[in-house]
Amino acid sequence: MPYINLRVAGELNREQKQQIVAEFTQTMVRVANKPAEYVIVTIDEAPLAGWGWGGQLLDEAD
Amino acid sequence: MPYINLRVAGELNREQKQQIVAEFTQTMVRVANKPAEYVIVTIDEAPLAGWGWGGQLLDEAD
Amino acid sequence: MPYINLRVAGELNREQKQQIVAEFTQTMVRVANKPAEYVIVTIDEAPLAGWGWGGQLLDEAD
Amino acid sequence: MPYINLRVAGELNREQKQQIVAEFTQTMVRVANKPAEYVIVTIDEAPLAGWGWGGQLLDEAD
Amino acid sequence: MPYINLRVAGELNREQKQQIVAEFTQTMVRVANKPAEYVIVTIDEAPLAGWGWGGQLLDEAD
Amino acid sequence: MPYINLRVAGELNREQKQQIVAEFTQTMVRVANKPAEYVIVTIDEAPLAGWGWGGQLLDEAD
């Protein structure tokens, strides 16, 4: 029943999402003995203009 | 002051959202004695391609 | 596959949690046609001293 | 390493987001002695039709 | 109706929490024209052993 | 800047947490080209009595 939320700045393509879901799930199976069919992963792709870091929006950092 | 976040794969229509908000709020009032005007519900409709389950994206499951 | 997170200020007893999980799940089944066995509910009981509302911590509001 | 998630109903313009990120970060530096470069802020602008309050969607409240 | 969740590694004392809640709320009022009585802040104090950064738990970083 | 939140029912020991943080971070580096020093992982260990699944609390499922 592990629930994993991944939030990234910018976008991921489909192959990246598939690979991330597969690998996170395998980690939970191998390391924490969770059945794969209970592992849920959600991915949020957030715009750079919606992230701040060090007091600035990501898209104004240089 | 209960705060409820619902995340669903795919979309809900307006009537479904109204009904869910109304029912979740009634549950909190009736079961937990919270005033209705303090209950907040947020709904996130996430694309199927952003959910993984059992190691696969939802839209590739068969 | 709906995922519901409920955050409340203070504690709920076991009967309240059972009832909330049962009712939220029934709502998702009835209103959104989701299978009950896919509905996940997590409950976070947060201390009053960890909530602010109107600019004050909940436990100093009068 | 503080992580701050702000969820608002409706939209913020770019200047508002910049100001919010700058001020939240300054608060964490000044009040909690966190280095600015460790403070992360994410902003979610949610549609009014995805928020319920008092048992109603925000866009039907009067 | 802004909802702000702050997650910090380690603990904050009561004065820090009060100050953070007050300042975040003032920022939302001043910058985003939100009424103070609608601003909600929740604070999660997470143990260092529950945070990873750069591939390590925070309490093993040197 | 990926931010990953893992919520599990029950507890993980220290070695499991270290391994999960290391592997999730490696996945983000390898698959999504993110620098390891930007990857943040937070782990929430939630009590079984705070999870519902299929309309029941996890600790009453049989």
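Letters A, B, C, D, E and F mark the chains in the order given here, with residues in each chain numbered from 1 onward.
The working rule: a contact is a pair of C-beta atoms (placed from the backbone, for glycine too) under 8 Å apart; a residue touches a chain by one contact, two chains touch by 3 or more.
According to UniProt, the chain labels map to these proteins: A, B, C, D, E, F = 4-oxalocrotonate tautomerase.
Model, not experiment: these values are computed from the prediction.
The set of chains touching chain B (4-oxalocrotonate tautomerase) and also touching chain D (4-oxalocrotonate tautomerase) is given as A, E. Counted as hops between touching chains, the shortest connection from chain B (4-oxalocrotonate tautomerase) to chain F (4-oxalocrotonate tautomerase) is 2. Residue numbering shows that chain C (4-oxalocrotonate tautomerase) and chain F (4-oxalocrotonate tautomerase) use the same positions for less than half of their mutual interface.
Chain C (4-oxalocrotonate tautomerase) and chain E (4-oxalocrotonate tautomerase) have CA centres that are 20 Å apart. Centre-to-centre separation between chain B (4-oxalocrotonate tautomerase) and chain E (4-oxalocrotonate tautomerase), using Cα means, comes to 24 Å.
In whole angstrom, the spacing between the mean C-alpha positions of chain A (4-oxalocrotonate tautomerase) and chain F (4-oxalocrotonate tautomerase) is 11.
For chain A (4-oxalocrotonate tautomerase), the set of residues touching two or more other chains reads 1, 3, 7, 20, 24, 40, 42, 51, 53.
Interchain contacts give a graph that is no line, ring or star and is not complete, per the touch definition above. A list of each chain pair in contact follows: A-B, A-C, A-D, A-F, B-C, B-D, B-E, C-E, C-F, D-E, D-F, E-F. Across the interface of their complex, chain F (4-oxalocrotonate tautomerase) is touched by residues 1, 3, 40, 42 of chain D (4-oxalocrotonate tautomerase).
Partner chain B (4-oxalocrotonate tautomerase) is touched in their complex by these residues of chain D (4-oxalocrotonate tautomerase): 7, 46, 49-57, 60. The residues of chain B (4-oxalocrotonate tautomerase) lying in touch with chain D (4-oxalocrotonate tautomerase) in their complex are 14, 17-18, 20-22, 24-26, 36-37, 39-45.
Contact residues of chain D (4-oxalocrotonate tautomerase) toward chain E (4-oxalocrotonate tautomerase) in the complex are 1-9, 12, 16, 19-20, 23-24, 27-28, 31-32, 34, 51, 53, 58.
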